[in-house]
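For reference, the structures are reproduced in the following blocks.
Two complexes come next, and they have one chain in common, chain A, joined by chain B in the first and chain C in the second.
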Partner chain A sequence: MALAFDEYGRPFIIIKEQEQKSRVRGLEAQKANINAGKTVARILRTSLGPKGMDKMLQSPDGELTITNDGATILEQMDVDNQIAKLMVELSRSQDYEIGDGTTGVVVLAGALLEQAEKLLERGIHPIRVAEGYEMASRIAVDNLEHISQKFDFSASNMESLIQTCMTTLSSKIVNRCKRSLAEIAVKAVLAVADLERKDVNLDLIKIEGKVGGKLEDTELIHGILVDKDMSHPQMPKQIVDANIAILTCPFEPPKPKTKHKVDIDTVEKFQTLREQEQKYFDDMVQQCKDVGATLVICQWGFDDEANHLLLHRNLPAVRWVGGVELELIAIATGGRIVPRFQELTPEKLGKAGIVREKSFGTTKERMLYIEQCANSKAVTIFIRGGNKMVIEETKRSIHDALCVARNLIRNNSIVYGGGSSEISCSIAVEAAADRHPGVEQYAIRSFAEALENIPMALAENSGLPSIETITAVKSQQIKENNPHCGIDCNDIGTNDMKVQNVFETLIGKQQQILLATQVVKMILKIDDVISPSEY
Partner chain B sequence: MSSMMQPQIILLKEGTDTSQGKAHVIGNINACTIVADTVRTTLGPRGMDKLIHDDKGNTTISNDGATIMKLLDIVHPAAKILVDIAKSQDSEVGDGTTTVVLFAGEFLKEAKPFIEDGVHPQNLIRSFRNASTLAIRKIKELSVSIEGKSLEEKKALLAKCASTTLSSKLIGGEKEFFASMVVDSVVAIGNDDRLNLIGIKKVPGGHMRDSFIVHGVAFKKSFSYAGFEQQPKMFQNPKVLLLNIELELKSEKENAEIRLSDPLQYQSIVDAEWNIIYDKLDKCVKSGAKIILSRLAIGDLGTQYFADRDIFCAGRVMEEDLKRVSAATGGTIQTTVNNIIEEVLGMCEVFEERQVGNERFNIFSGCLSGTTATIVLRGGADQFIEEAERSLHDAIMIVRRAMKNSSVVPGGGAIDMEISRYLRHHARTIAGKSQLFINSYAKALEVIPRQLCDNAGFDATDVLNKLRQKHASSDGANFGVDVNTGGIADSFANFVWEPSVVKINAINAATEAACLILSVDETVKNPKSESAEAASGGMGGRGGAAYRGRGGRGMRRR
Partner chain C sequence: MAIDRLLKDEATEEKGERARMSSFVGGMAIADLVKTTLGPKGMDKILQSTGRGQNVTVTNDGATILKSLHIDNPAAKVLVDISKVQDDEVGDGTTSVVVLAGELLREAEKLTMTKIHPMTIIAGYRMASECARDVLLQKAMDNKMDNEKFKSDLTNIAMTTLCSKILSQDKEHFAKLAVDAVLRLKGSTNLESIQIIKKPGGSLMDSFLDDGFILDKKIGVGQPRRIDNANILVANTAMDTDKVKIYGARVRVDSMSKVAQIDAAEKDKMKEKVQKIISHGINCFVNRQLIYNYPEELFADAGILAIEHADFDGIERLALVTGGEIASTFDNPESVKLGHCKLIEEIMIGEDKLIRFSGVKMGQACTIVLRGASVHMLDEAERSLHDALCVLSQTMNDSRIVYGGGWPEMVMAKEVDALARKTPGKKSHAIEAFSRALQSIPITIADNAGLDSAELISQLRAEHHKEKTTSGIDVITGGVGDMEKLGICESFKVKQAVLLSATEAAEMILRVGEIITCAPRQRDDTM
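So, the complex of A and B:
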């Protein structure tokens, strides 16, 4: 930290451990911050779009992740710089709110910072720049609203939903079978959606993955998939019209929670104790049988004795099912979770059309399918894939697609993708800039330029001559007054995104612009960084 | 000579650091000026933020004077006083924390040449005190009361005050939006003194425009057990039961032990325990409440029991949230489930669980007594929301002060210029030294408009001259800096308003601090205890570190 001296040349000690703190202020601080932000954006830039590349990240304990999801990349990078952390949070909050577009938002923020740097060099006050950006972002958001289109969908007509999800999936590694995955995602969301309240609880969609098989084998199960098998190998593998007892108590004699001791001093007493224990087991199984349960799902385990007894009494059982899964099973089958055997009643049993155990390939691993449930409000997406990394990445991609479908159910406005909406906004912002008096005009114009950065990155990543493509598309948009022209990343032959069916959600795009502006504004406002110089 | 032979008289403990005299006063002044310089750039709508990164890795981005001062971790004894006045301004008024530090710094800076010229500090102090009394009287005279207006009108006026405060913050871009939110929430809690009735919840994600206010209570879904999803998530006019007990199957006494000699009795013990918990749960259900909240855990058994009976429950609710629910719904927190009577149950119009960003929120709205409000803040990054919360806190405080003490003064440096003019005018009527001192006090007050210009990148001298000219004319009292154009404008007409209490408190506190620092002519600093010495000695062999522990300035002098 810069030392201050008084008249006598003695240094002041004002701040604790002053010498160990570093301080950057003024333009220097702003430049350093901008640089940090830009660096982060540059890393993500190549991941944008359908031809974007993936990143391989290795965690400290050697775990590998391959992804092109912006939020995941940044999360795993474990950045240290404060400003870079802000960018990470930026993409995370896009992830929380929208679930998709996490790369785009960082690239946009990086572009805005880059433009801001130029303006600062010209001597424009950082706050004026920030304010100009703020105005520009409002123009852009309004423009998006203007060019957006609404479309109708229903449980039977979900083509447009699928198209939008496909746009999201096209940039991922799974784009090979994006059609089928998009269909799965849309069906899953529609199954759990509350169309009247426009609310989707994504917790009700379970995503399971298992190594092996092909990506094409990924399926949507209208029911629950549990990574467990029957407690005894000789129990039936398939139960039709199952009545399921969902228990949170173990198959063992109940224990009082208070510390207790049973004094055994005679052989008779021991005998009674033994008999009683056995009677407990017997009673428990009997109670289940009495209410008509044909399958027991238990949160806890039970020992071999109970297991044997269950087999003996012909009552199939599953043990060690986790709390979350138990809850999902209860919701799906319309059953109630029962904490005590005495509480079991026929009404509390869950109903499922078919419960079957399925084994995979040559492995001994088995999974339990609970299907045709009374209430289909809980579904499972079961992902197959060649290796663990593909499955993990597919999970993330499906999550993005689910979020997109959910957003569309909340708000059914869409804009066209492929950079077309950014170019359209850029044109609108640029036109507005000329009308604005004051220094902010420069900032607004820079904002327009920064918006072009996204189609530019798309073109670059697709191997197209970026500048030529952008200029061509831009002039076409103005000439034909058609805001649907974008970058033809897949070389289909037309750059009208309406024809190509490349959609993105309106709220996702608006959010991107607003969030990026917000964070850039925050970074620009900092003119003083005080930090410990060494760790 | 005999004095040569005399042994040195050791008065103070070894290592004690003393410094005194004129040089000491000047040294203190310099230290304070440096501190004031640090926060200088955060003033006003074009003020910048500071990013402070402490050793523990926490990062704060802030524009709030008090927060910055606190995080700077100042050790200089005189400069610490500035931290204290910033804090006191924060707790007293809630806003104007940068202003108060700037004032104090500027008063001291103006005093410095006089001290150097050999003026006795006490003379300065007396004049400064006089000047501050005069200034405060003048502020009171100039302030405009908003008392006696209708509620609607008053709300609009309060919103103006709030937006003036917010304009200097990160959320300045949406100041109207937040100002009305703040006013709504303050009006909701009315004259209640408990500030914690306004809850501020932070949810990362979304744009700040997605923030919303709940006339009631909102809190994040607490940890839930299996069975929770089967509970209904929406109620109309539910009754609310608030508890402070555990609803879990557990031993009733920690260190009790049961001895059984007859194995047949075993079941009865088990049943007894179950009966206790079932009895509790049953009483909750019988009370007629549809929503059960507890500060302590509600176990999986309870969760499922309530789910079976279509009751919503949430355990481990934060205490403050529970209190707020209690205030909002009119229910009282129970520590037992026995004898739950109708009166202790709360009521609200609508309860629902709603998705906010990535979180699920329990929202009670349309509450009966309506004395609570919760603001749910959204924003792109954690630091952003943190700063937004601090800003809203300032605004809330301001609105509360303005409600109680409803008079306002024009902001934008207008009031400061006017007082400065008045004091300068007054000084001319005084004979003697005091004239000079009051004049310099008046000059120091100009620091606010000057800094506003500097931060906005305008020519301060030019703007100040315009302002002085305007204020000298008869109708220019309300003119202040116009940060948008770089000229001057009528702050009052532009609705740049501050509650007068902010200014009064700032001038008071700053003058007090300045006088305090001026009156100190000796500092005696005891050495740190042995262990602290050893610890600090171990930290690096650099010169700085060696004298750091002892408060270096005195060391150098000897």
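So, the complex of A and C:
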């Protein structure tokens, strides 16, 4: 294969141990890659849209995930093919950047690859195809900008935000109570949003789930929920107007990090040491008490003696609270995390209106609610559901909805969903193609066709005759010059998405097109795959 | 060109119809497995564990059966999970929920055969479950106001729950035990203060409820066997050698005499500690950790009953019931709250000696001592009693009840049927199917009792077309009976949870269009 010859005509080897490596090159390599990408897209295609089906994934350890979220499916799928891994990355980056549309981006990339294959067969050079796609994507993004609409919202008028979140949630299993979940998501985002800077820190929204109850019981808590209970069973279960000391030092004897030894060789030393030890515990509790704390939240454990002293001095405490939760508590209550007892001061204490312990079900499940905090910026969404799988899926869906709401706060432009924006872009790109001289024209036209693939998948999943529906919608868009016509997935009777209130965010859509084009370009440029062969 | 490998080796992928089939089959198989345990005449299952010792469990409890199974089918796992959740949340109805979900899947399979899209089925199921729940809400009865009636309701519920279990022979006895225990809780769902002690020997009828607290421990040698008006100090402290906790401390001596001195100091320290404890004015000391001989001797000298190594739960319960606090330091005797009880005595159950604390401060706690012929029997009795206690404590919070014996299912089925007739479109098929699935529960109950289910169900349905009927299946006589007279009741909360989680699970499995199973992680089989 990769043999080269020196000036005397003797062969020499370029790749180390080349016999053991498999290698595909040229058109064959491109086709193999395209095929792999298409296969991944085909798996996700059936999950698209409100009538899309779920996937059941069994992990190597037998854990079960049921989901509809593209990024999650791909992440759990354990793919081996290199190109397939690229598609997984693609979906993941959409997830990180936007949070929603992870399925759509992969389906679009698959469609682009499919079109590219046809072009390659006709003998068009892959680079020309890539360039054509690049131009087309620019046209599509501009068109999106053009058809997008701005909408207004404020803390009091959340209706449009809720509608957009509902569009996201409608494709998930939770669509039974999408309205209430969308409201929860929007309220949560608005609670932590910085409307001045147009930014939202999603870290301030904690999502907790607990099996049991029903989905309708899901609630938004203006405060923090910690899956812990009081360190001593006899501490009070409810504290009003709590002053919270947030500690990252254990209620234990000091453990200096330098290696040392305390030698005991006389009885006196033994006794002083003992006294010191007792005093140490006493001091720790006293220091907390002195600054006026009425609740201690600690990252570490308590010694038995310290625990009793805390109870004794009437100072409720919570132990083994995780670092992230600790930070959230600090933010919510306006307190400071204190690493040493000596540094405790009254100003560093957090304030909360009410702290209470609540128990669930028939088993010993308890959770700690910290509510009415000094700083309301930090909320918790508490999800209930019939089983573990539903809760996990709800968590993912809420996360998507939160991301959508955040994107809208950053940039309040929307486009209409239901495939309407894709069709509109397709029309725009096709029109632009005819004006373009050169080979790229074909690629641009193919791009337009690939864009139609998304509404096509939507129609197929909804059980509609796909080609008829697409052509009808397309002609309607051109005839009425109305870019809001889409696929009527829910059989409502109108295909005007403006009437159906199906929105998506502009940046989400733009990102989808840009990311998909980028990955496809990358795949097209590969003409040689060298992989170590199997043993 | 085929792609060689997209997924890793050994990973499998099932699509569309095949995936759906595999999950239907898995779900139904699980449902069929537990189906025979449903109802008062349901059969038990023997479970043998693969672990060392090959432990055997005999049970009738759906959650216990499913928990112990090793299942590979993903859809089946969903059903196992809902059964577990049902157990955690309401405690009973663990079999019903799986059977109902299985039947919903069976009906859905038939519908998909006739080319109805799963999403349409889901939409229909949702409408149906919504409707069924509304009916259940309407028909539920609430007797919270009437104390007498409420108590009889509780007894009835307990009897209904217990009649399907091993305890059915003595259900009156156990129902009374359970109701008494739960009534003591006064509305809290905290089942921790009800302690269940199992002692093989005797018969089930010998089980009893003790209103005190029984600790499965022996009293130390040479200490009083009986204490009146006890002051109890509950502690969690080291009573062996009190180690120095400061990190890095160690004893280094250079002569034997020093060793002796330190030893004496240690002893002194312990003695001092014991003195401090004694100075609390107690006559009983219960510690979670070990008590060594030396301090035990000191306690015996002072005439104090010292109990060592009580487990964590025991300590917490004891502290709870006697009203004391768990102490770990003993420097301020005046402020430590001591526990009190009227009488501590050693009692004999079978051959074992136990310590009973009676006349405790908190009236909530009680202990149920279960007696029975074998360990398996006791385990099953404990599970059954636990179910009953859970249901009862939930009923204390939500006092609505419905009749049993297939009555709620028939009522719901009737309303759902009516809804199906009103609904246009393909959804109505799914709604009808839901009603059929609901009816399959009374059918299973009848089948398990060896009755002619087809005949019975048709009679029952006719009966239900009259207004305000209370008829259900009377398994004992083998006919249609009046559930109100027979006193067969179930908690509304349990029924509602069964309905909702079964629908949720069926919906989830129906939505699956593809199953991807990753390659199982390689493990060394050392077993």
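Here is the rule we go by: the second predicted complex is superposed on the first by the 518 of 535 C-alpha atoms of A that agree within 3 Å, B and C clash if a C-alpha of one lies under 4 Å from a C-alpha of the other, contacts with A are read in each partner's own complex, and residues count from 1 in each chain.
Quick note on the criterion: contacts are C-beta pairs under 8 Å (C-beta built on N, C-alpha and C of every residue); 3 or more make two chains touch, one makes a residue touch a chain.
Quantities reported herein were computed from a predicted structural model and do not represent experimental measurements.
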Problem - Three-chain arrangement built on chain A, chain B and chain C clash or fit - result: fit
Exercise for the section: For A:Leu273, decide between first (touching chain B), second (touching chain C), both and neither. Expected result: both
Handout entry: chain B versus chain C as contact partner of A:Pro233, first or second or both or neither
Key = second
Practice task
Look at A:Leu311 in the shared chain and tell me whether it touches chain B only, chain C only, both, or neither; answer first, second, both or neither.
Solution key: second
Exercise for the section: Examine A:Gln299 and indicate which partner it touches, taking first as chain B and second as chain C; both and neither are also allowed. Expected result: first
Exercise for the section: Scan A:Pro126 for contacts with chain B and chain C and give back first, second, both or neither. Expected result: first
Practice task
Give one of first, second, both or neither to describe whether A:Leu326 is in contact with chain B, with chain C, with both, or with none.
Solution key: first
Practice task
Once the two structures are overlaid on A, work out the angle chain B-chain A-chain C from the Cα centres, in steps of 10 degrees.
Solution key: 140
Practice task
Could you tell me if A:Ile173 is touching chain B, chain C, both of them or neither one (first, second, both, neither)?
Solution key: second
Practice task
State whether A:Asp263 touches chain B only (first), chain C only (second), both chains, or neither.
Solution key: both
Exercise for the section: For A:Gly212, decide between first (touching chain B), second (touching chain C), both and neither. Expected result: second
Fill in the blank from the handout: For chain B relative to chain C post-fit, closest CA-CA distance rounded to the angstrom comes to 9
Practice task
Using the superposition on A, tell me which residues of chain A are in contact with chain B and, in the other complex, with chain C.
Solution key: 253-256, 259-265, 273, 276
Practice task
Mind listing the chain A positions that touch chain C in their complex?
Solution key: 31-32, 35-36, 39-40, 43, 46-47, 51-62, 64, 66, 68, 73, 76-81, 84, 173, 176, 211-215, 232-234, 252-256, 259-267, 270-271, 273-274, 276-278, 280-281, 303-305, 307-309, 311-312, 359, 361-365, 385-390, 463
Handout entry: Contact footprint of chain A on chain C as seen in their complex
Key = 1-9, 11, 13, 16, 19, 23, 72, 74-75, 77-78, 81-82, 85, 87-91, 117-119, 126, 189-192, 236-237, 244-254, 258, 261-262, 264-266, 269, 316, 319-320, 325-329, 331-332, 335-336, 390, 393-394, 500-501, 504-505, 507-508, 511-521
Problem - Complex contacts: residues of chain B adjacent to chain A - result: 23, 26-27, 30-31, 34-35, 38, 41, 45-46, 48-55, 59, 61, 63, 72-76, 79, 170, 173, 204-209, 225-230, 249-253, 255-264, 266-267, 269-270, 272-274, 300-301, 304-305, 307-308, 354-355, 357-358, 379-384, 387, 456-457, 484, 542, 544-545, 548, 551-553, 556-557
Completion exercise
The residues of chain A that touch chain B in their complex are 4, 6-8, 10-19, 29, 33, 82, 85-86, 89-90, 92-97, 125-128, 131, 134, 199, 201, 203-204, 248, 253-265, 269, 272-273, 276, 299, 323-324, 326-328, 330-331, 336-340, 348, 438, 511, 514-515, 518-519, 521-522, 525-532
